[in-house]
Amino acid sequence: MKIGRQAYRSSAISSSNEETIIVRGHDLCAELLGHISFTDHVWLLVTGALPTPAQRAVLDATLVAIAEHGLVPSVQASRMTLAAAPEALQGAVAAGILGCGSVILGAAEAAGRLLADVLARAAAGAPSLDEAAQAAARVELAAGRAVPGYGHPLHKARDPRAERLIEIAAEVGSAARHVEAARAVERALPALTGKPLVMNVSGAIPAVLLDAGYPLLALKGVPILARTASLVAHLLEEQQRPIGFVLSHAGAAAIEYDGEGKP
Amino acid sequence: MKIGRQAYRSSAISSSNEETIIVRGHDLCAELLGHISFTDHVWLLVTGALPTPAQRAVLDATLVAIAEHGLVPSVQASRMTLAAAPEALQGAVAAGILGCGSVILGAAEAAGRLLADVLARAAAGAPSLDEAAQAAARVELAAGRAVPGYGHPLHKARDPRAERLIEIAAEVGSAARHVEAARAVERALPALTGKPLVMNVSGAIPAVLLDAGYPLLALKGVPILARTASLVAHLLEEQQRPIGFVLSHAGAAAIEYDGEGKP
Amino acid sequence: MKIGRQAYRSSAISSSNEETIIVRGHDLCAELLGHISFTDHVWLLVTGALPTPAQRAVLDATLVAIAEHGLVPSVQASRMTLAAAPEALQGAVAAGILGCGSVILGAAEAAGRLLADVLARAAAGAPSLDEAAQAAARVELAAGRAVPGYGHPLHKARDPRAERLIEIAAEVGSAARHVEAARAVERALPALTGKPLVMNVSGAIPAVLLDAGYPLLALKGVPILARTASLVAHLLEEQQRPIGFVLSHAGAAAIEYDGEGKP
Amino acid sequence: MKIGRQAYRSSAISSSNEETIIVRGHDLCAELLGHISFTDHVWLLVTGALPTPAQRAVLDATLVAIAEHGLVPSVQASRMTLAAAPEALQGAVAAGILGCGSVILGAAEAAGRLLADVLARAAAGAPSLDEAAQAAARVELAAGRAVPGYGHPLHKARDPRAERLIEIAAEVGSAARHVEAARAVERALPALTGKPLVMNVSGAIPAVLLDAGYPLLALKGVPILARTASLVAHLLEEQQRPIGFVLSHAGAAAIEYDGEGKP
């Protein structure tokens, strides 16, 4: 059964024969292995070209920033899954990654779309970046959505990761229009929402990555990749000092049964 | 319901308050962000300490080596999943990661256990490393299993990634007993199996990582993390030049229905 | 870290003590086990009440209708995953379920929302059900989306499952306004799209289930549950007559590398 | 790249053309839809033949028995995942299914292998079924494993589901040698382990299913399928009365940070 149009029949990422593996046009063993870092390789895989020093610095910073934040829901889901299915570490990692959704880690992509919208409005003749930001934010709020990339349940006054990421982008000369757009949205929100919502790490990540030339459609890959590293660390600890069933016991104890016939 | 013994109630990976995020004892924003690479961070998360230059070089090399190898089964599963469920990039990544199992990418852990077994036999008084390797390999073969880390469907004469990884480990002065054990197994296999099975990338990864001090119980995390980067690249391409349904159409066309009542 | 409002702290699905398990107010062992079918139990779990004979008939029919349709993408992803990771059947099932997305099996929920929209427009004073259907379909088309629940890559003239489901719903006296709305959309589409799009199984499932009183927010659960049964069958066959790597070989052979440096 | 032997190139589950869908040799719309229950269809898909009344009764009972048991780890992982990624119900179901592993729900398969081993030892000349059961259980215990299918963290004196399942199998005339083997293991365990371990639901499920002719290699599919139904119910409730983040908050609060530099 042929589903969809099926217009494409090629891929430009990798090819190989018995002796040689080509990745994005480079001989993996002769040109890449031992010569580039994993971060360089991520940039190469995703964009097709090796990064400049500034691009590498920004990608490294975003991956380090978003990798780990304690026993967040995705980490708990992953540790519970390993406790129940220790034979499949890959299953526990997958369960954790499935929690990189629109509400939590995946907000980076939605925030990136918002910043792109702000700049598109500015380019289309909005009187100022601030007015473009207000207009773009109003669309989100009118749809009943939280403005992606702003506000944090713990880091209420400021998200230190967001500030540091923008600082690093400025230091390496990469910060540009998307960072300005992100700041313009931050300025717009208190008046629009009545709350002092500050830029969070999921707002800063697309700002600095899009300025560095990283593609919008792969933005969600950055928190997913970073979180995978954190999950591996948690799953090693889970094998050595298991808490998966402690977490589920505490969770269940916090919830009351309010149906009929409680035994 | 209390499942299991629940002996532990603590975690040593991360803690935070409103202003500060601590990861493995370091202030994330003040000490890590902008100062270390993602590879350094992976090593820190998993082991609890920052890597030496040699450890960083070895981890970078293994991650670059195993990230990408074209349209392997996990990549195809991931691209088909995105084609069917484009709303959830995290689901497509998870589907790909679920294919990092004992037969394909997860062989790195089984190979690491084999190398540890070889060295344990040597330490326990085997006459030589070669005899320890023969004994360890015989256990696998007697159980009807393939010896993990040896032989490759495409790279039959040699897996260029395995050779390059061991070269890099030697260059940075990290190659030691696990690499020797891996070579000893390689020498043992032709006589034991009647086939010229050479060390593959999943054999070299544990050899160089265990020599560098990376923990055995987190070995599977390396191919999983590396492959996640590759999946992000493939899923970006899938959004731009979709082939997920082309892959499934070709797959279905290769299989005949041999049940009753073919319409 | 407290995420979100956390307004609820209870669940009404199940409770238990050492001797007794209560599910939806019933003693599982005394009242349900041996007395009801699995389909009854699904209805009870989801809605909180046991089904009428008509509700059971409709749910049985939808589950039977959507369970299996050959080597579709989700089945291929699942079989490839088992071939790579035979130690984790649950991982292979999960990989298959992840392909129940907005484009393929998950269309049932989007179609259900469309039917609800048609009836809301009719209730709000649209001149006729047909005009309500045209208006609702126009919203989808204007947004550049396919109208969910209509058209099929193989069953172009008619999807025999859709016709049979509506027939069964009529036989048991359950077909009502949602089926009428689904027919009205079907009548509207040829003129709106210029294509003879007929109702498919993902259009008929919400029509008959919503008429039977099944909740819209659990609609996607029906194809997911049904497909899980099919995946179990395919994964049993994969263990006995493996084709997972045949599928991936055929898929890869259908795609050309069009990047640089082909070896 | 051709992985493995690739000896098979066919499948016997389903075939279709524009008008007709064949499932296991039956015309889906003409013969199955409206005529059989979902449980019948599950049996047909997995085994290739429609069930007898006794087989249907046993499969229904096992599916009803294992579907739901409150806020167990897999349910919590699933609800947290939906809270974080509400756009992908399939991802939340997948996260829950990934917790059907060797320790929790997947024990049914391991228990089935144990029962098969008991009967094989009896057939090979063990003096009695009891001695065969002792020998088989000793193998598990010597390997440092829990005996699969016996003992439960909550139902310590007896698992009411196990007793009821065996009662139902007897009522429909299906209970036979595997149930006897399961009882023999239950008799053997107190002396072998010093603990009053009673048969749990994961021990009874393979006993009654294997006696009914259900295939051992698909045993894990029964708890996976049953649990999928329960997950759909929990995910509907999660959309209406969200507790996913309450669960994760309670979990995190139960764990102390014992690394360095607590802020």
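Labels for the chains are A, B, C and D, by order of writing; each one numbers its residues from 1.
Throughout what follows, a contact is a pair of C-beta atoms (placed from the backbone, for glycine too) under 8 Å apart; a residue touches a chain by one contact, two chains touch by 3 or more.
Values in this document were obtained by computation on a predicted structure and should not be read as measured data.
When the contact pairs of B-D are matched by residue number against A-B, A-D or A-C, over half are shared only with A-C. Remark: among chain pairs C-D and B-C, C-D carries the greater number of C-beta contacts.
Averaged C-alpha coordinates give centres for subunit A and subunit C that are 30 Å from one another.
Put simply, the C-alpha centre of subunit C and that of subunit D have 23 angstrom between them. One finds 36 Å separating the Cα centroids of subunit B and subunit C. Of all residues in subunit C, those touching 2 or more other chains are 1-4, 9-17, 19-21, 70-73, 83, 85, 87-88, 90-91, 94-95, 98-101, 104, 106, 154, 243, 245-246, 248-249, 252, 254-255, 257, listed in ascending order. Looking at the complex, you find that subunit D touches subunit C at residues 1-4, 6-21, 23, 28-29, 32-34, 36-39, 41-42, 45-46, 57, 59-61, 63-65, 67-71, 83, 88-91, 93-95, 97-101, 106, 109, 154-157, 160-161, 163-165, 167-168, 171, 215, 217-218, 220-221, 224-226, 228-237, 239-243, 245-246, 248-249, 252. Across the complex, subunit C meets subunit A through its residues 1-4, 9-17, 19-22, 24-27, 48, 70, 72-73, 85, 87-88, 90-91, 94, 104, 153-154, 254-263.
The touching residues of subunit A, when paired with subunit D in their complex, are 1, 16, 70-74, 76-78, 80-81, 83-88, 91-92, 94-95, 98-106, 243-255, 257.
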